[in-house]
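Contents: one structure, followed by commentary.
As written, the chain order gives the labels A, B, C, D, E and F, with residue 1 at the start of each chain.
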Amino acid sequence: MITALCPGSFDPITNGHVDIIERASRLFDRVLVTIFVNSSKSPWFTPEERVELARRSTAHLPNVIVDSYDGLLVEYARRHGVKVIIKGLRAVSDFEYEFQMAQINKHLAGDLETMFMMTRPENAYLSSSIVKELARYGVDPVGLVPEPVREALRARAAERRRR
Amino acid sequence: MITALCPGSFDPITNGHVDIIERASRLFDRVLVTIFVNSSKSPWFTPEERVELARRSTAHLPNVIVDSYDGLLVEYARRHGVKVIIKGLRAVSDFEYEFQMAQINKHLAGDLETMFMMTRPENAYLSSSIVKELARYGVDPVGLVPEPVREALRARAAERRRR
Amino acid sequence: MITALCPGSFDPITNGHVDIIERASRLFDRVLVTIFVNSSKSPWFTPEERVELARRSTAHLPNVIVDSYDGLLVEYARRHGVKVIIKGLRAVSDFEYEFQMAQINKHLAGDLETMFMMTRPENAYLSSSIVKELARYGVDPVGLVPEPVREALRARAAERRRR
Amino acid sequence: MITALCPGSFDPITNGHVDIIERASRLFDRVLVTIFVNSSKSPWFTPEERVELARRSTAHLPNVIVDSYDGLLVEYARRHGVKVIIKGLRAVSDFEYEFQMAQINKHLAGDLETMFMMTRPENAYLSSSIVKELARYGVDPVGLVPEPVREALRARAAERRRR
Amino acid sequence: MITALCPGSFDPITNGHVDIIERASRLFDRVLVTIFVNSSKSPWFTPEERVELARRSTAHLPNVIVDSYDGLLVEYARRHGVKVIIKGLRAVSDFEYEFQMAQINKHLAGDLETMFMMTRPENAYLSSSIVKELARYGVDPVGLVPEPVREALRARAAERRRR
Amino acid sequence: MITALCPGSFDPITNGHVDIIERASRLFDRVLVTIFVNSSKSPWFTPEERVELARRSTAHLPNVIVDSYDGLLVEYARRHGVKVIIKGLRAVSDFEYEFQMAQINKHLAGDLETMFMMTRPENAYLSSSIVKELARYGVDPVGLVPEPVREALRARAAERRRR
């Protein structure tokens, strides 16, 4: 059985993430979607909220498990028997950063693979930052995020404006 | 009549910006140079100062109007009948970021175009950050910024050193 | 009146080209779509055939004129009063090549501008070479090229297989 | 059962290819290593020779099958129940080309995935062209290609020099 | 006599830095390794500590001198008779940033050259940030930094955890 | 004494090449400018003509020696005591290719360094191919190539047109 890991800050999960997770879930026996707690600066959502949103957005995928972790990725991978990390690539800048990460992870854990999938072209501009930026200006991120996230973003944006 | 928009934080306007604005002003009927207020973190100049510096630096271009806005770019474009956004590209990293922005703007406003012009090679290293960095060390940014900006930078750098 | 030029080998014109031409035709008074004869090695279509296919594919755009030329781009631009060259960019590799071309053209003709538009994400992989490659294997390029080109490609591929 | 495909011209197979194939063979049930006949111009080795060299170089991998095909990749993938194409990435230029290929393959066969693995840093410069270039000058490609290829290259280079 | 300068924040020096310094020390008469004080945000080590670590890590190189400076690079270069700045390049993103820096330095000091050396492939992912990130999680950066740095990182990480 | 090598096909030498050679000649004791015979396909100039043009274009640089060689670069470097190869970089695509070459040369000759200098921004589009393309259309490459090359290009272009 091959366990794959989709790591990220998922603050919040977008349709770009869900697309990669769906495609990975067809190729591997089990896919862990894991929120790495420290990787997002001044997040909009708590780790618990992010887990909940990711869970509701991937509920249709039986072999996907949502989790969170506060620590080093390779340590988590070792503990959970992860054989391969899955990352979506959108652009050249992603590519370079992710390659450096993949190299350092291979230095730390030689048998841990990283595989890259390209995002669908229509998602190439999508990121958690972009949907928060839009929500901040009151733009409804329809078509960019799963339904549960859409509502959570609207509510959180309104709260933040009141502060 | 085609209205073009040169958006930015212009903190402050440089010779690189002025070159793009001049060239755009020869191709389109009206060019809006608009300071987007929120896009610069810990700015050296207030939005009002930035507008004033941009106005004095483009006073020789009759079809250029300097403005400022605190909100979403596509919203501003819709209100002012903008048909095309003009962006200068210096390098591959610019290219990727600007392409993402152009894609998201097209998602939000399907009939709003973005066109890119390449900066002159001698301006390829120029940016508002670089001229502030130089001013901070007391280097006179001659040839890098318009005359009114040169003086404003010197004065502001001296003020900041006194703090 | 601003005349824009969309230069290329157009061997043959694809939906990616037509998209850029349509968008340019909304921003400029007159758009010349010009087949540069020498720029394609071992072409599938003669210059006359390429002009004919481009004409039929842009017949719905009243301010677009299809032409062909055997010579230097800046010379053609000077003769026809072209103020701006329009190029579609798909990826970083396009960007670098086109920037070199834009720079050399600016060296040869200082007042001739080049502006870049990004291709729609779903066209990012599209090129004349790709559609010929597909046609060579008998794949119908539906959705990738205008209707007249689709038929011409099928016919030409069949001819080439018989040789 | 997931079948993965490592396509290429393999003219000849290098240690860079073998590394990717080994790593893929640990993640997927069956890995097809398929020589696409038309993709190499003026090859040094016939398709039969390339199959033989690839076979001897992957003989230690029980779930790897070497094959050859003269036709379209998506057609081959469909016939053999391939779920995922595996490509090694060395550099940004690889990345862009491979992304275009992945996109066109997804256009032609929507459920066929492409996944990318990064080459080991010490193989980043390795390619079939480079080892042929070295062999041409009489350099022994030790450490760059599997043993059977090393001998075949030496013999072929000597033959080519005699012509 | 040619004096070369390896500038940086060196917070702390890594094996990647030492490799570039060693190679530069074979090509130039004198190599200054200079800590530029302001270039690191929220550093782990004081300038004095960074000088000390760099000194101990380059003690085997007789023509290398470690120094620190709080000011503009071109000013420092002028004062110390530096003819050439040496920078290591790891990836395309480095390349673009370093090219901009090289251009601005050439604008400020026309006779000051910048030369680039590529990092060894196995160091391509190495950076001061990465080793601090690893140390933060208690990972021993063996093989990534010189011995004196390894101990200093461990001690500092422990201190920071206690805060 | 440090000997540097500027290798290339120099078909023909341009102002971009001369700029790099001049700058290298100020940093190293001896600079070999060596035409590698096989590296240009369907050249305009014979190796002897290219040597002659390079010699006349670098006659003002006393420590520069022009040479030609038909063989492997690392072999030539070993025979002539070359310590460092100097390459000019114009763009990201140059960077990747040159990095691969530098890596393979380091694999073949571990103590042979490669150093990169950036071309001046105004030369970023310059290449031997571009000046031949211009000459082919009767454009005088004034400011792009040294005077002796300018005349040779004009004469050769006229000859080629008569064929």
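Miscellaneous remarks
Heads up, the rule we're going with is that a contact is a pair of C-beta atoms (placed from the backbone, for glycine too) under 8 Å apart; a residue touches a chain by one contact, two chains touch by 3 or more.
None of the values given here were measured: they were computed from a predicted structure.
The chains touching subunit C as well as subunit E are A, B, D, F.
Across the two interfaces under comparison, D-E and A-D, the one joined by more C-beta contacts turns out to be A-D.
We define each chain's centre as the mean of its Cα atoms; on that basis subunit A and subunit F are separated by 48 Å.
One finds 34 Å separating the Cα centroids of subunit B and subunit E.
Residue positions of subunit F touching 2 or more other chains, listed in rising order: 92-93, 96, 99, 103, 121, 124.
Under the touch rule stated earlier, the contacting chain pairs are A-B, A-C, A-D, A-E, B-C, B-E, B-F, C-D, C-F, D-E, D-F, E-F. On subunit E, the positions that touch subunit A within their shared complex are 90-93, 124-125, 130, 134, 137, 139, 144. Across the complex, subunit F is touched by residues 71-72, 75, 92-93, 96, 99-101, 103-104, 107-108 of subunit C. Of all residues in subunit C, those touching subunit A in their complex are 92, 121-122, 124. Contact residues on subunit E toward subunit F in their complex (touch as defined above): 2, 23, 26-28, 83-84, 89, 92, 95-96, 99, 102-103, 113-118, 121.
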